[in-house]
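Have a look at this one before I ask anything.
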Amino acid sequence: MQLSRNRIEALTDGVFAVAMTLLVLDIKVPELEPPLATAELPLKLLALWPKFLSYLISFVILGVYWVGHHIQLSFIRRADRPLLWINVLFLLWVALVPFSTALLSEYAKTRIAIAVYGANLIAIGLTLALHWWYATTEARHVDPDIHPHLVRGAMKRTLMAPVIYVIAIALSFVRAEISLILYALVPLLYILPGRIDIHWGARRHDKPIDQDEII
Amino acid sequence: MQLSRNRIEALTDGVFAVAMTLLVLDIKVPELEPPLATAELPLKLLALWPKFLSYLISFVILGVYWVGHHIQLSFIRRADRPLLWINVLFLLWVALVPFSTALLSEYAKTRIAIAVYGANLIAIGLTLALHWWYATTEARHVDPDIHPHLVRGAMKRTLMAPVIYVIAIALSFVRAEISLILYALVPLLYILPGRIDIHWGARRHDKPIDQDEII
Amino acid sequence: MQLSRNRIEALTDGVFAVAMTLLVLDIKVPELEPPLATAELPLKLLALWPKFLSYLISFVILGVYWVGHHIQLSFIRRADRPLLWINVLFLLWVALVPFSTALLSEYAKTRIAIAVYGANLIAIGLTLALHWWYATTEARHVDPDIHPHLVRGAMKRTLMAPVIYVIAIALSFVRAEISLILYALVPLLYILPGRIDIHWGARRHDKPIDQDEII
Amino acid sequence: MQLSRNRIEALTDGVFAVAMTLLVLDIKVPELEPPLATAELPLKLLALWPKFLSYLISFVILGVYWVGHHIQLSFIRRADRPLLWINVLFLLWVALVPFSTALLSEYAKTRIAIAVYGANLIAIGLTLALHWWYATTEARHVDPDIHPHLVRGAMKRTLMAPVIYVIAIALSFVRAEISLILYALVPLLYILPGRIDIHWGARRHDKPIDQDEII
């Protein structure tokens, strides 16, 4: 397949940019009659906090997956038909995030909303894992001398989020708040440098990309 | 015309990315009074399945056409004014897909909605065929030694979908469900490797792009 | 100013892609009660024709200006602060087109709607002319040996549309239909090859870009 | 981190393009009954002036920050994880602008709306300053022989807007109009060439990018 990595990247960057910006459409300006505006607007805005929080979490988690996708692509030399369609499937889930975010922000305490939001993020994560698995199995689309540690480390790091989301959905049967806190914490795992950064830190300047850079 | 292929690709990727992401705006979060949310939300979400299915089908078919367009462009060396405007016409139909998808998901059993959706996809397919015809006739914009098999094979593959959509629209007079199933099956023809893949498989590594890669 | 042409092009392609795709949001799916859908939907869809026509005209005219902008940029070697801000001003008018299109499609017979739509397109055209004037005056940002015929020809071609839009607005005092027909015809002037194409046709292959290619 | 500057630029250009174009969705076409349209539409459109003004100011200020971000990036040689996440944070605030613009245009005289709009722009400005601070401290991601004047000048220029916005919010306790005028004036500081342009003018052609080019 001659479809270049550039093309896939352009579509991916576009879908992520639109999905991230569409999230804001869920935060609606409160409607108030003019005489009440000055008095009631501050409270009405405060009442929007679940919307703002959902926006923040979804925006950042989309950022995490955008980074993860592009770092995977940076290892991939060629593309073929199945890889391309794994990418389209990945974008299909990404473009759903504005819906599941709006659902969660509207029904934050409702189990089904928590499950749908989690399922959407699990689907994104598993598709990204599938993408990595397909590209690296028998070094199908990556450099044959890629270090197996890197391949496995990247896979573990990619699967970390879906595992937590499954736990979060399960814990919603105990208390909805636990799930929501877990959702909020996941991005931190990918943003904050973790143990893996320290472990690989020394070699950082020798190898072009390290295990810890995957997502 | 000096307008580079890059420019056309950038606008195309942008329109596709926006159109694919706007599809989600048709899936609206159900509105329920707080006391009812826990009890009724699951059913309300299940009732959205025609929206989800339409989203899925339209997203994937847009993916098919995005791939098809870019593979065509990868053969094209130059652009002139008519080719550019065929591209704009192609994007005009692509950008209509969120409307016709919303229409179909709202009135899935209604013949006119089935016809409008099909007509939109037929228009995309025929414009893509026109694009290929214009570019390849007398090797206007492609390499003069392009293999005629490839030119014809690509054309057949491009016209396959519009032909099925015409049949699907006709069969809506028998039963709406048949049309919908055909709509859902078309993307599979382009995603799954078919007979053509096997036929060309042996030569794959000799020629840079094969007939089977067109769309 | 080191801000590269690439950056300006990326933002421009993005704004055009979004504006062109947002146009479709103005075409709303008719809302009908289920029992009436089969019977009334065809008529309701036909009643949307002013929306479809506005979509078509605005999409194509945005295509015209997208082409015009990029052909201008292809002559420009450097950018400075004023040129950059002329570009932002150009995009500001472009991004307004979904609004003025929605206004026109809602109030097609009303003089003020015709005037606002025309004024928006005039603003786009004049800003594009200003862009060309600023870049070419004393060969500020173009090759010093650019042919003066090309500079003037491009300017005339760019100003052609605003002049017709002024006439169209004036004629709305006679009959609204005349204005609408003129709006629909303007893109054809830029799509169809005109006298200028024939005039320059012979030299086409000697010079890299001809006067007739501007817009 | 191997994630290239290109990738960051593509996502940034996409988010800016979408955010700038979504601003127009806040300007709604007035709804009037047909018999009244001709008579009342002009007044209804005039009544939209706060929407148009907000659109104008927000579009231009987004332009200012887009320019600022890209000029910063043009100095940056490498990216690492923290820099990447500062970028995502920057985009998170940028994508909020359509919301805070809609809020301000609806409640232009209300202190809380003025404060939210100002806070959003302050957040953008401070994140951009953080971006510059992080990249330039100990020449972490910039050329080690970058001139300290340039580093400090760029920082001052970046912080100028947030300082004015703080003052504007404070002055809303005196009169809302003063805040709004300050909001409208800030972009001019970055568009119009200022004292800094004259000061650095002479050296302009010797150094590739000057202090005055930062934002």
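Per-chain residue numbering starts at 1, and chain names A, B, C and D are given in the order in which the chains are listed.
The rule is simple: contacts are C-beta pairs under 8 Å (C-beta built on N, C-alpha and C of every residue); 3 or more make two chains touch, one makes a residue touch a chain.
For clarity, every value in this text was computed on a predicted model and none was experimentally measured.
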item	value
Chain of greatest Cα-centre distance to subunit D	B
Type of subunit A:subunit D copy interface by residue overlap (half), same or different	different
Rounded Å distance between subunit B and subunit D, as computed from the means of their C-alpha atoms	37
Geometric centre distance via CA averages, subunit D-subunit C, whole Å	26
Interface hub residues of subunit C, defined as touching at least two other chains	10, 13-14, 17-18, 22, 25
Residue numbers on subunit D that touch subunit A, as the complex places them	1-4, 7, 10-11, 13-15, 17-19, 22, 25, 81, 84-85, 88, 91-92, 95-96, 98-99, 102-103, 106-107, 109-113, 116
Complex interface listing, subunit D residues touching subunit C	9-10, 13-14, 16-18, 20-25, 27, 29, 32, 37-38, 41-42, 45, 55-56, 59-60, 63, 66-67, 70-71, 74, 191, 193, 208-209, 213
